[in-house]
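Each in structure tokens, the structures are laid out below.
Shared between the two complexes below is subunit A, which has subunit B as its partner in the first and subunit C in the second.
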Partner chain A sequence: MSAGGSGAAAEAIPQNNIIAFGVAGGLIGIYAAYFLVDMVGQYMSFIGALGAICGMIWGAAAVRRVASYGLGTGVPSIGMLALGMGVLAATFGLAVGGVAGPVIALITAAIIGLMVGVLANKVLKMGIPIMEVSMTEIATAGTITIIGLAISMTGTFDFPVILSQVITTGYIAVIFIAGGLAILHPFNANLGPDEAQDRTLICGLEKGAIAMIIAGIVATVNEGASGALTILIGLALWYIGFSGYYDRVKRDAYAVVGSGLLPSKEELE
Partner chain B sequence: MEPLTGMGVLALMGAAATIAGASEDLESDVGSQSNPNSQVQLAPQMMYPHRIHSKAVSGEPPSNALMCAIGGTTASVLITTGASAALALAIGAIVAAAIHGTYSATAYMGRSASQKRFKQPVYLDVMRSHIPVIMGYAFITTFCILVVSYLMATVLAHPFPLPLLAFIWGITVGAIGSSTGDVHYGAERQFQNVEYGSGLNAANSGNIVRKAESGLRNGIDNSWFCAKFGGPVTGLAFGMTVFLSGWITTVFDATKGDAIGWVSVIAGIIIVLILILWNRNMEVAARAAYGTYKEDEAEAEVAA
Partner chain C sequence: MIDVAGILMQNILYVILITLGGVLISWSVHFVPVGGAPAAMAQATGIGTGTVQLAAGAGLTGLVTAGAMMQITNNAALVIASGAAGAMIMIAVTMIVGTWVYIYGVGCPPASAKVKYDPITKDRQDLYVSQGTEGHGLPTVSYVSGVIGGALGGIGGSVVYYSLMSVTNQLALADLVGMASVFAVGIFFVNAVIPSYNIGGTIEGFHDPKFKRFPKAVVASLVATLFCALISVLAIGGL
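Showing the complex of A and B:
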């Protein structure tokens, strides 16, 4: 029994590898974008979105793990919670941290996530064994998503620029919801007893690419960042994600048919 | 601003919101999103495979917030580059509808593929026929929400920027569509095979109607049914929400002084009280007219 029931989800890729991929990929993406935009040119801002995609895939994997303990309608809520904690941690970290901002934001997110996880298990008595770890992961993944998408919109994570070009202009709303859906949708879309980890995660890549395209659209009006490359790479990643997802659906489904009637009684038995 | 201009803008916003509410509900019905989705998901597990689209993007509020925030963001970027507002809002809505289409596709394929052991096939023609309809409704919803948000941001000089207003109205239209319209689809349409008003017996879980007036039932049949009542009533509910919440501050403009501001608060409370009393009377009148479920009485007599 894997996802959708009430037990630990089957994992082909160990979660620790995905955590390493999310944290390392996310931070490398964020810092590479920050420094390369200064050194090479503003068109390097797309790397920030690549870092954000690492965060979103990690977030989707963490949601998948914790939601496998029978959280049916709770899946969307957990995705929104991830970005809610992320916004708090990202704005705090970037406001006080300077160049170390993203790292401080990640540590803050981990602390907030751990607190929420402890509250959920100890006070609300949800009794999910991996709640504390998962909440920490989800909050941190949400923070990487927000900072990564913000830097690909603006080309920097300097707080005054983020404040004026992302928060005051309202684009934080689309970061919040596109990032949140990229984290919550993959598991929600694949919920069921025959869910498979790689199918869920490649759906995360595809949704992350959509968030990247949107970040690219916003980057076209900001001086510090360049949108064209971000949009193009986003479209390419979306195509890879969607065709990979469709291949896995064909692999996993009972049947993929052009059209047809319902399975007969004999077939169902 | 002239009070008359304010009322005119408010009327336009109310009209756009009414259309947005109706199209939002019908869009969610085509794909069986939100509450009725649990039965669509459950059906194959109870040996009832079906040809109904399962659009498990997320709850309606987040998915509509996504559409509207993407539309608002794209429109805002285009307006910054000097495009006309009408064109910007339309292009924003097209981008949002296209992205919503990809979400609908992954949700249907994923949910069906995860039901392998219950032998639920993935029907590609269900996707080909339903997703354009979903995208069409999503375009209408997003465009109308963007009109409401744009009028608020520019004419009514709301302090929030366009993407944020669109995001907030997206959540609101999703929440109202989920709470108002779903009842009509979920309780009445999915379980037309049980007696009206009998509630959902646990033994009937997943036993949704899978055969249509002609052929096998699909999501487009469901939107046809819901367009008769569920969609329009959701439109009215959302239109009233937008109109009445704007009306109190347009008529009693808080910028003209604290006293008038408080009058607008009191007017809001009075409207809420009237609506509560009206709803209560409607419920009492309906119970008096239709009574309790008859089979319960018969069972009670047998038991006695």
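Showing the complex of A and C:
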């Protein structure tokens, strides 16, 4: 079972721009949320989720690029790998780094990702030319997703708070699955010969908005963060993402027709 | 700043154990009969989902049972046995229910397309394979192989969890459980995906020719897990 085709994917937005968008947007979101929650108020914690969405869109774009070559197994595996590497790097970075935690986490993630990419090509002989770069990108994007969502839940990335309010309470599992879906689902849902970059990425935005809404709901029970604005902005982004996705589906489909309701029992007789 | 060398010297045994646990997980995945999407349509032998989902399902159950046992005792053998039993039960239940679905729902006999005779029951296989498919259902050998895979994965997962819980630290117990679980899950996923790329989608069990590829995944997991073990021991030991 090969997911996707066997070759480089066509892209309207160059990958380098998306990398810049993911790293810069993610880090700005994380640090802006961290400092603005202290300076302005708890409701600024929503910026962390915006940073996480930058990371998720980047992750979805990187998954799209590497999975286009055909991984030999399902696309979901790479999303789980992204979050698996991300959760290791994020926890390590925040635990040892203090205020530089997110940067240390990103560097750690890049090292793990590069290592897995090199192992995949050199030892497992997967033969995907962009494997090293893509694994580095995916691990880093997963880390931004985790830290961004965690900060929007708690309003800070101070490790004792993250530990007691996100990890020990188990919300890390919610982050794991919601963030993982946003990274793996867009390409998994859109792959095929007529796959288009903008349609895949806007699907990522829609999934990221769902993760943002969930983070907002969690934030309502935490003291350091306020959830209402996160949920509202998440709903708005979800609407933009969903209608944008629907528009692109209509654009790319040969025809969109209604099938009508199922026939009733009398009509069938 | 944390004392990197000191923490590592103090916990070097656990770094090694975590790495071994990761390697066991990676090896275990090769035993699990993974059919992927083709098996979901009864067109390939195995369980109809991907490697990662299966390994994660069984392995995480193993982590839960190992964690439950750790509440009662610190005896490593009991914790590891409990993890193995949990993962074996999980994978066995998944496979037996899958077999019911294939036999009574889809209506196809369990048959392997990779071997002519089942190595365990000596039953003829190729006569029962439908045309255009690569086998279907879960023949006895795949079932046994899957249970072995569950045991190894459960042992690997619980060794990782037990080692992480044993690292010298100043954390409160609830926080330590949270940290150890997060790191164990992360290490588990990394080691479940690496072999799935090695297998390339589907495998029937230890009788499948693809099973011979496992040394490559074991080497890859060894390197990757060693690094993951270092950062997780440093993070937990530094707190």
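Brief remarks follow.
The rule we apply is simple: the second predicted complex is superposed on the first by the 254 of 269 C-alpha atoms of A that agree within 3 Å, B and C clash if a C-alpha of one lies under 4 Å from a C-alpha of the other, contacts with A are read in each partner's own complex, and residues count from 1 in each chain.
One rule holds in what follows: contacts are C-beta pairs under 8 Å (C-beta built on N, C-alpha and C of every residue); 3 or more make two chains touch, one makes a residue touch a chain.
As the structure is a computational prediction, the values presented were derived from the model and not from experiment.
After overlaying the two complexes on the shared chain, residue contacts for A:Pro14 are found with neither subunit B nor subunit C. Judged by the touch definition given at the top, the superposed model places A:His185 against subunit B, while subunit C stays out of reach.
By the document's definition of touching, of the two partners only subunit C reaches A:Met85; subunit B does not. In the superposition on chain A, A:Tyr171 makes contact with subunit B only, not with subunit C. Looking at the shared chain after the overlay, A:Gly127 reaches neither subunit B nor subunit C.
Touch counts on subunit A: comparing subunit C and subunit B, the chain ahead is B.
Within the superposed three-chain model, A:Val116 lies in touch with subunit C and out of touch with subunit B [touch as defined at top].
In the superposition on chain A, contact of A:Leu261 is made with subunit B only, not with subunit C. Using the contact criterion defined above for the overlaid structures, shared-chain residue A:Pro76 touches subunit B and also reaches subunit C. The contact surfaces that subunit B and subunit C form on subunit A in the two complexes overlap at residues 72-73, 76, 80, 168-170, 172, 176.
The residues of subunit C lying in touch with subunit A in their complex are 2, 36-38, 50-53, 56, 174-175, 177-179, 182-183, 185-190, 192-194, 196-202, 216-217, 219-220, 223-224, 227-228, 231-232, 234-236, 238-239.
Taken together, the subunit A residues at the contact with subunit C in this complex read 1-2, 71-74, 76-78, 80-81, 83-89, 91-92, 95-96, 108, 111-112, 115-116, 119-120, 123-126, 159, 163-164, 167-170, 172, 176.
Residues 3-4, 72-73, 75-76, 79-80, 168-174, 176-178, 180-181, 184-186, 188-196, 199-200, 203, 206-207, 210, 214, 217-218, 220-221, 238, 242, 245-246, 248-249, 252-263, 267-268 of subunit A are the ones that touch subunit B when the two sit in their complex.
On the subunit B side of its complex with subunit A, the touching residues are 38, 41, 45, 47, 49-51, 56-59, 62-63, 65-66, 69-70, 72-74, 76-77, 80-81, 95, 99, 102-103, 106-107, 109-125, 160-167, 210, 216.
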